[in-house]
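Chain IDs A, B and C follow the sequence of writing; residue 1 opens each chain.
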Amino acid sequence: MSVFDLAQQVRTKQRRAIDVANDTLAAIDARDNEINAFLHLDAETIRSQAERIDATVDAGGDPGRLAGVPVAIKDNLCQRGVPTTCASKILEGWKPPYDATVITKLTQAGAILVGKTNLDEFAMGSSTENSAFGATKNPIDPSRVPGGSSGGSAAAVGADYLPLSLGSDTGGSIRQPAAFCGVVGLKPTYGTVSRYGLIAFASSLDQVGPFARSVDDAGILFEVIAGHDPMDSTSLNAPAPDVMTTINDGVAGLRVGIVPELIDGTSDEVRDRVVAAQEALVAQGATLVELSAPELRLGLAAYYLIAPAEASSNLARYDGVRYGNRVDAPDVAAMMTATRTAGFGDEVKRRIMLGTYALSAGYYDAYYGQAQKVRTLIIETFARLYAQCDVLLGATTPTTAFEFGAKTADPMAMYYSDIFTIPSNLAGHPAMSVPFGVDGDGLPIGVQLLGPALSEPTLFRAAKILESEAGR
Amino acid sequence: MSEARPLDASDVTKVASLARLSLSDAEVERFTGQLARILESAAEIAELDLGDVSPTAHPLALANVLREDDVRASLDRDEVLSQAPSVNDRRFSVPKIVGEAP
Amino acid sequence: MSALPDGWTMVVGLEVHTELRTDTKLFCGCANNFGDEPNTNICPVCLGLPGALPVLNQRAVEYAIRIGLALNCVVQNSSFHRKNYFYPDMPKDFQISQYDVPINGPGYLDLPDGVRVGIERAHLEEDTGKTTHLGGTGRIHGSDESLVDYNRSGVPLVEIVSCPDIRSAAQARAYAAELRSILIASGASDGRMEEGSMRVDANVSVRRGDDQPFGTRCEIKNLNSLRSVQRAVEYEALRQIALLEDGGTVTQETRHWDEDAGKTHTLRTKEEAYDYRYFPEPDLVPVEPTSEFIDTVRSELGPMPAERRATLVSLLGEPTDAQLDQLLSVVEQGLDSFVVAAVAAGVNAPLALTRTSNELAASGDVVATVDAQAVAATLLMEQAGELSATQSKAVLQEVIVNGGGDPKAIAKAKGFEQMADGALDTILDEVIAAHPDEWSRFCDGDDKLQGFFTGKIMAATKGQADGKAVAAGLRTRRSA
């Protein structure tokens, strides 16, 4: 059932929110011991939210657009009084004294906040294997990773526990797991969704976005969470893009750009599905434009300097003084060192050190400074491409979901998973992964739609076509 | 454009100390290898001649985002202190501080 | 002022941090209040909680620009950087500051004696929390535990960096004093060094002769009063000279001024210098004030101390050295408006200046709310002889404590009836007659007895006699 229909049923008492809550809990209970999508879940809190929503309906009120719709929350979003860990030992047990803006918006829309989902520690990773609390398994094939870093949120929707979840995307952390778990995932335009209360990984790249079973559902969740927030200085002071009004308008006349840099290096099966997606759009009236953008290949290296540099600073605050865990030591510097050494996992340490190095005296110009210039090149490259096309179509990931441990020994191999998703983050542009068939092992394949800033309405139109054509 | 020299164990030790991390010898060795490989792939951009390209720090061209000087409610002290590792006399307690602030 | 040994000169630059008088902090809506209960003005932003984001306070920008304009700086487009270092009083373990593009670029400050000191920059940044050290001496050394209060964390600061144009300890003090007056006059800061809202660091080096290159400098921290600025700079210059004359070298380092011991000691050498890893703050966007906004701020800026001193000088005509000292301090304390108002009401300028620099200046914070017209009315009564000097001061005290009032009613309530004509003459004659020995010695030239007679007469009149009239009466009778 669609989110729209579910909310409508709850609003008209055809279905009670408490029943939705109980069904959701039952689905999670049945399978999440195996999948491990949730880090924190409290049945009582879920039921009491549902009861409040039903009470509002009973009193003749409208709980909102997501009335009684269960939504899972990536555990790097602050929710007051609810454990928020970033899948890190350093924050284990921490209960934020405030709500992220997106949490407030979900509550105001009448959603049931179901729980906090697993992720790679501090959102650093592409497989959810870097969680301090155990990996999440791919619900399609539990011997494989769900992708990352928002693996728990992708798996929760992929396992059909619930229709919606929130993730965050810094270099592909929504789109890559969406592709691996066979769900829709959107990284919105930078500044359309508030980052207030999103625990920062790389501030100039992070963006909160939706996972959903369908393109329509993703569109509703996006509209609910988007909009200007005075608590976030980087929030766009403009009305949030309206995607639902035009979502069924089709792609007639749409110019779809094809660049080898967003396809080359994939497995043959992934490539075949990207080509099939091109054909599907053309069949509905779109035209293809063959372009080339070699600069996009520089994105990976630039990203792996910029993101760790910002992270090294953002993660400095975990020092054992104000919140989180502390390892005692005789003096404050030793306490901070002991706390951080015990509290962070290897990938987090690796990126903190990499970022510290990239910013340190003598290396700033060669690394961080150069990466910022490459970022300019990539923005200019996209501007050139979008002068000739409306959207770009490519692969979301080079491969389908890989097996546990396949890339843990080699950080570079893991980083390469994000090769196609990173450029949109560097440019601040929206991009979306839409399920488009499966490989020979039945593993989902995602195709990626990219567009210029605030082009979400166009991406959703194209995604809707791909969704309807995916089964053919 | 500056030339980047290969990263070695002493760099890793120094960077770990700047970042308040302590590493065993084995970790220094492992991280040195891994970071060196990552930086090797970053070398492709370190070596680009981008003299006339301006750096981008923000994906958005925003400016002058300001708020009024109006007081908003602060957090409840007890709620905040309940989350702290160590508290004494309404304040956050830390062990001995060696050296003054920069 | 002690001089340096022959041939030596010093080169000094000052870095002054001043807290801005905004209602809220630089990046959040928590109250900017000194002295509140610990950890009551804290929120996710100023506590550095995960997920919190800064939003810049418009008034802080306006106040920073006021300071820039008052220091003749170039006000320019600017942005924020992160300065990364670990310290428990800094909740994010980085400070948001301005780095390569400060809001105020080069400017200058003219000292009262005409010497011009260049200003390199005046930039915005956030303050840290406040640490209390338990055990030991209450200072950082010897303490086993420290407690942090984050009420001050995120309070807006402007850091004003001077050029190395200062050449003596007295000049360093004069610069700090003048800067303090300018900050108060701009309305951007209260300049209270005792509350830490203005804090001074000094960069000091020495050289033999003015044509030599600058020597190695040391940075002196913890200068919490104008007096310690002068003492510390003097001490440090002499320390460096002694070192060099003994054949040693000065090491570049940061040193701490110990006010009680009157000495500086090493905090940190250059080898221990931090690598701050500055980079652009990604959570904030650039500040680009329009020229209209800058013009508005400029038009709202009142007269600066130099102009206000000139006003007082013109009211006094040709001030004496003592009066110059008085007017300097009156302007520095922002009390010159009392002098101007009193003179406008008809009080003579020297009397207005004297009462302002003594009675008003001594009255502390309450002076800010005192009605200048009530002060002027009191001084007019004194000038007309309706109140003696002693009575006038007593009435002024009442006016100050109450913030104003009718001096005639106060005088009446205190029983300060004007002495009838001739009453003083009678008392003078009685007192002289009662002390013939003292009087003849006084007439023989023993001037010390003036005080003796004045005291007797004041006692006899219960303090109501005008001191000048008493002196005049004694004078005429002695020479008669």
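By definition in this document, a contact is a pair of C-beta atoms (placed from the backbone, for glycine too) under 8 Å apart; a residue touches a chain by one contact, two chains touch by 3 or more.
This one's a predicted model, so the numbers in the text were calculated from it and none came from an experiment.
The most centrally placed chain, judged by C-alpha centroids, is B. Chain pair with the larger contact count among B-C and A-C is B-C, by C-beta pairs in contact. Averaged Cα coordinates give chain A a centre that lies 23 Å from the centre of chain B.
Taking each chain's centre as the average of its CA atoms, chain B and chain C sit 38 Å apart. Averaging Cα coordinates per chain places chain A and chain C 55 Å apart.
Residues of chain A in contact with two or more other chains: 94, 97-98, 204, 230, 233-234, 312, 316, 319, 321-323, 332-333, 336, 356, 360.
Annotation for chain B: residues touching 2 or more other chains are 18, 20, 57-58, 60, 62, 65, 67, 75, 80, 92, 94-97, 99. Taken residue by residue, chain C touches two or more other chains at 44, 47, 55-56, 86, 88, 146, 148, 150, 275, 277, 279, 282, 284-285, whereas all remaining positions touch fewer. Across the complex, chain C is touched by residues 18, 20, 57-58, 60, 62-75, 77, 80-81, 88-97, 99-102 of chain B. Of all residues in chain A, those touching chain C in their complex are 76-78, 84, 86, 91, 94, 96-98, 100, 195-200, 202-204, 230-234, 309-310, 312-313, 316-317, 319, 321-323, 332-333, 336, 356, 359-361, 364, 368. Residue ranges on chain C touching chain A, taken from their complex, read 44, 47-56, 82, 84, 86, 88, 91-94, 146, 148, 150, 275, 277-279, 282-285. Listed in rising order, the residues of chain A touching chain B in the complex are 94-95, 97-98, 190-191, 204-205, 230, 233-234, 236-237, 298, 300-302, 304-305, 312, 316, 319-326, 328-338, 340-341, 344, 349-350, 352-354, 356-357, 360, 363, 365-367, 369-377, 379, 411-412, 415, 426-429. On chain B, the positions that touch chain A within their shared complex are 1-4, 7, 11-12, 15-16, 18-23, 31, 34-35, 37-39, 41-42, 44-46, 48, 50, 53-60, 62, 65, 67, 75-76, 79-80, 83-86, 92, 94-99.
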